[in-house]
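Each structure below appears as structure tokens.
After this come two complexes, each holding chain A, first together with chain B and then together with chain C.
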Partner chain A sequence: MVGGVYGLMSLGINLVWGVMGVVNLAHGDFIIAAGFLTFWLFARYHLNPLVALPVGVAMGFVLGALTQKFLLGKVPQDRGAVKTSLLMTFGVSYILINAAQLLFGSEFQTVMFLPGSWHVAGLDFAKSRTIAFLMASAVSLALWAFLRFTFAGRAIRAVSQSVDGASVCGIDIPRTRIVSFGIGSALASAAGALLVMIFAISPAMGNGYTIRSFAVTVIGGLGSFPGALLGAVILGMSEVFAGYLASAQIANGIAFLLFLLVLLARPQGLFGRKPS
Partner chain B sequence: MGTRWMILPAIAVVAAFPKAPAAAEARPIVIGASMSLSGPYAAGGRYSLEGTQLWADEVNKAGGLLGRPVRLVYYDDKSDANTGVQLYEKLITADKVDLLIGPYSSAVTSAVSTVAEKHHMVMLGPEAADVKIYQRGYKYNFQAQTQAGRYMQGALTLAKAHGYKKLAMLSEDTAFPKAVSSEVAKMAAQYGLDVVFNETYPKGSSDFSALLTKVKQIGPDVVFANSYLPDSQGIIRQCRELGVDAKMFAVAVGAAEPEFGNLGSTAEYIFGATQWGASMPWPGNAAFVKAYRQKFNRAPDYHSAANYAAGQVLEAAVKQVGSLDQEKLAAAISKLELDTVYGHFQVDRTIQVGYDSALLQWQNGKQALVWPDKMAEAKPVLPAPPWSKRQ
Partner chain C sequence: MTRLEILVAAAAVAFVIAIPLFGSEYLVGFVFTTFLFVGMAYGWNLISGYTAYVSFGQVSFFGIGAYTVAILVTKLSFEWPLAVLVGAVAAAALAVPLGWAMLRLRGPYFALGMLGFVQVLQMVASAWTRLTNGGEGIYLPPAGSLRALYFGSAFLVAVGIAATSSIDRSAFGLRLRSIGEDEIAAEAMGVDTTRAKLLAFVIASAFPAVAGGLYAFRLSYVDPASAFPGSYEVQVILMAIFGGAGTVFGPLVGGVLLSTLGEALWARFAELHLFLFGLIIVVVLRYMPEGLIPRLRRLAASAAASGRKAAAR
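So, the complex of A and B:
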């Protein structure tokens, strides 16, 4: 179930990485920021987290688009560009962490939404997890349709395949990048809003989610939609099974173990394209 | 959580206290501490800090210590022992503080106690329940919190009284929770309990479903979570989601924090160890609760009281010695007996033997002291109904 939310997280980082070649180190912090927004709306105005979700997504899109337009977009596209943008997202990450600490305090918070579980065929389905999974699936499906059937979506895919080619076809590259980064952050925010329904979050823990999203992308394959989802399910399941069969300590490291195994055996990821 | 964040210097937060008018000319006595103001221990850390702040305030209002005002310097250790070590090193060598107060949690205290000891600085540990810290023959570190082994005594006593047999324990894998679980494991037989499950999880965990699935298959009578606030909430909430039923649930730290009530109906029937209560008849306790509410606009919890009491102990020792001589202060504290707002302070060498534990239960959305009997505000309600029968 948690796999669905991991999937949403990694679709975001996957998109940004694929289209722009930038590993967004602030990705996890966008997740946490939206989680806290959801928490705040719930605690303060008793707003249903599912209603808060679009608000968080909109905030994520705007923050992401602004980051690309005014920060990453200004980086000269030369050989140092990757390094500079990496450091820049690191800075954005710090700003988000400290902003969240100032606004919401540094303590762990969670939204008590739908406690309890449904009993179906002798199995327990935690209500909050099931709803988070269904919502994550719906958002993923919407993203897939967007990338597949709309002009903007096709432009994003074109840029991820070849910047020069897309440019020759008359696609506005800077604009497409702004939209991609916005969508990437919006996806992170959707994941964050769902995550806070399941787990307690604190401002400083975005880092762990950046790493998980990154691991899922590597496992599934860069630029691959089914890869990101499958990678997420694999990670979610192996964390739970490792915790059950071995110990909780091993479950914590399983993402890195899978990460290494995939890099050794199939560097392009399960569904990735081979570099040409 | 990655180590990347820890490398960067902690953001300094320094509290400026209004100077007491009478002692405006005198050089202040600077008291240094690191506190967990972010990370998993932030909830307890903030209460602890406020307790110390209130004490410092009151000392200044009463004309200061040795005729000098006191000033508190503190930094955020991010619930991380390594950061704590750097911060105490900085407090002692760069800030040149006159007196130290220990940080939040046994894990951080255990690490920073080495720094205090090395510099021959007296450090009371108001949040260090793990006795192992004080069994290393140190001379300048004193335990100012109830011993970890006493935390679950109330819960064990009730479990025995109801004839419960099977005990399952989940513990965070740091100093204090592990100390609690090893002490409980040693004592369980005396209380007629059989430890059928005893596993740890890493600090910062949020998903306990794998461990709890194992617990569910065993079907224990009693579940102990030796945990702090966020993990206590996570474990209890996921017990409900996974339908892990037991007759009794008790947690070591989390349930004593008012924030545990955010769980709503899920918090009902949950027991929690506490070391102090607003209604306890210790001298000055009622006035402490009132002043705390006035200053911070919320009720104190036991961490606040423990830190306030540590201030009282330090104050008494300094007054007795008449100077800030660390050797003399250490000698004075080792012999000191003082009735604080937290109970009777007394150490055997450096180990706390005076403070004792109590037990509370969440009843109708509120915490009620249910043990020991002479201080109980309500009767314990047992057994907890199955999760499926609850609202």
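So, the complex of A and C:
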């Protein structure tokens, strides 16, 4: 069930990476920021987390688009571009962490939304997890449809295949990048709003989720939808088993170990395109 | 070296020695911390300034140094200078297999790999209770005086400057730069890139390890949170890029300027520390991506050129 949310997290990083060749190191912090926003709306105004979700998504989109428009978009596209962009998102990551700490404190928070569980066919399904899973699937489906059927979505896919080719076809590259980064951050925010229903979060956890999202993308392969889902399920299951067998602390390092294993054994991921 | 350079170096050495002789405890502590950061910035600069491998995990060696020292001193009652040295050797020894695996990864893969490695070490430090005492941490006996530690940190900076300036002008430095420019082209030109970057990675790992060891003594306490401080990673990276990544004096200038500024201004806004660091990173990268020293050098060069033009007219 957690796998669905992990999958959603990784879609955002996957999209941005595909389009820009850069990983957003602040991805996890967008997740945490949206989680805290959801928590705050719930605790203060008793707003249903599912209603808060679009608010978080809008916030993520705006922040992401601004980051791209005013910061990453201004990085000169030469050989040092990847390095500079990585460092820049690292800076953004700390801005977000600190902002979250100032606004919401450093404690762990969670939303107690729909405790209890449903019994279906002799199995117990925790209500909050099931809803989080369904919502994550719905958002993922919406993204798939967007990329597949709308012009903006097709432009994004074109840019991720070939920047020059897309440019020749008259696609506005900077604009497409702004939209992609905005959507990437919006997806992170959606994942964060769902995550806070399942786990307790704290501002310092952003890095951990950036790494998880990245690991899922690497396991599944860049640019692959089924890969992202499979990667998410593998990561979710491994963490749960590691938590059972050893301790919850071990679970935190699992993402990294899987990531390294896959990279050393099969660099293009389980479903990825072979780099040409 | 020109006469001016020798003069400046002599003045700097005299200044560094004068601080513990005449300065207050507070001043010595402040300069000590600054030197630790400058030393770490030199380490980061070697691997990430010269090549294109941006490491966000140098703090893992900082933690290794801190824990090695704590364990050696409490369990085997080592003297502190020896313990710090062993810490550096331990970090370098770990950096060999780690670098072998990590340096095959480029760009984002390497960056996130190192970021993840810090978390793994932090996890090991909290889970391996028999060795590290887990979340409770290890208390160290007080080690000598702050002044002795201070000279340790000054030594670290001196080694950083010496190593960087000799590498900067060597064939090894050129190899590293060529990896930073275009790794595939460098390989095609016959540069053994794997060897060069692994060597740089290993040397770079010793700096944060020494800093971590000295820091452990200053604090007299090591636990998983203080041994792997993410906030130090940002500060170190910021200092190196602010001064100028891939230059000999960039880390020193950036480190001293930002530390002083931090002590003067941000001590009042302790809560906003990380926010400001993140903001400055972003602003520096946006408006001065090459860093302060190359920027000043370029300004000086263009001023000299226009001066010459004016004189010719």
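Keep this in mind: the second predicted complex is superposed on the first by the 268 of 276 C-alpha atoms of A that agree within 3 Å, B and C clash if a C-alpha of one lies under 4 Å from a C-alpha of the other, contacts with A are read in each partner's own complex, and residues count from 1 in each chain.
The working rule: a contact is a pair of C-beta atoms (placed from the backbone, for glycine too) under 8 Å apart; a residue touches a chain by one contact, two chains touch by 3 or more.
Keep in mind that what you see is a predicted model, and the values were worked out from it rather than measured.
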item: Superposition on chain A - do chain B and chain C clash or fit; value: clash
item: Which superposed partner A:141 touches (first chain B, second chain C, both, neither); value: neither
item: Partner chain in contact with A:239 - chain B first, chain C second, else both or neither; value: first
item: Touched partner set for A:103, first chain B, second chain C, both or neither; value: neither
item: First, second, both or neither for A:127, with chain B first and chain C second; value: first
item: Partner with the higher number of touched chain A residues, chain C or chain B; value: C
item: Chain B versus chain C as contact partner of A:202, first or second or both or neither; value: first
item: Partner chain(s) touched by A:211 [first = chain B, second = chain C, both, neither]; value: both
item: Partner chain(s) touched by A:260 [first = chain B, second = chain C, both, neither]; value: second
item: On chain A, positions contacted by chain B and by chain C; value: 98, 101, 204, 207-208, 211, 247, 249, 252
item: List of chain B residues in touch with chain A within their complex; value: 1-2, 4-5, 11, 37-40, 42-43, 46, 76, 78, 173, 199-202, 204-211, 213-214, 229-230, 233-234, 237-238, 240-243, 259, 262-266, 387-388, 390
item: Touch list for chain A against partner chain C, complex; value: 17, 21-23, 25, 71, 74-76, 79-80, 82-84, 86-88, 90-99, 101-102, 204, 207-208, 210-211, 214-215, 218, 246-247, 249-250, 252-253, 255-257, 259-260, 263-264
item: Of chain C, residues touching chain A in the complex; value: 52, 54, 56, 101, 104-105, 107-109, 111-113, 115-117, 119-120, 123-124, 126-127, 181-182, 230-231, 234, 237, 241, 271-275, 277-282, 285-286, 289
item: Residues of chain A that touch chain B when the two form their complex; value: 2, 98, 101, 105-110, 112, 115-117, 119, 124, 126-129, 199-205, 207-208, 211, 239-244, 247-249, 251-252
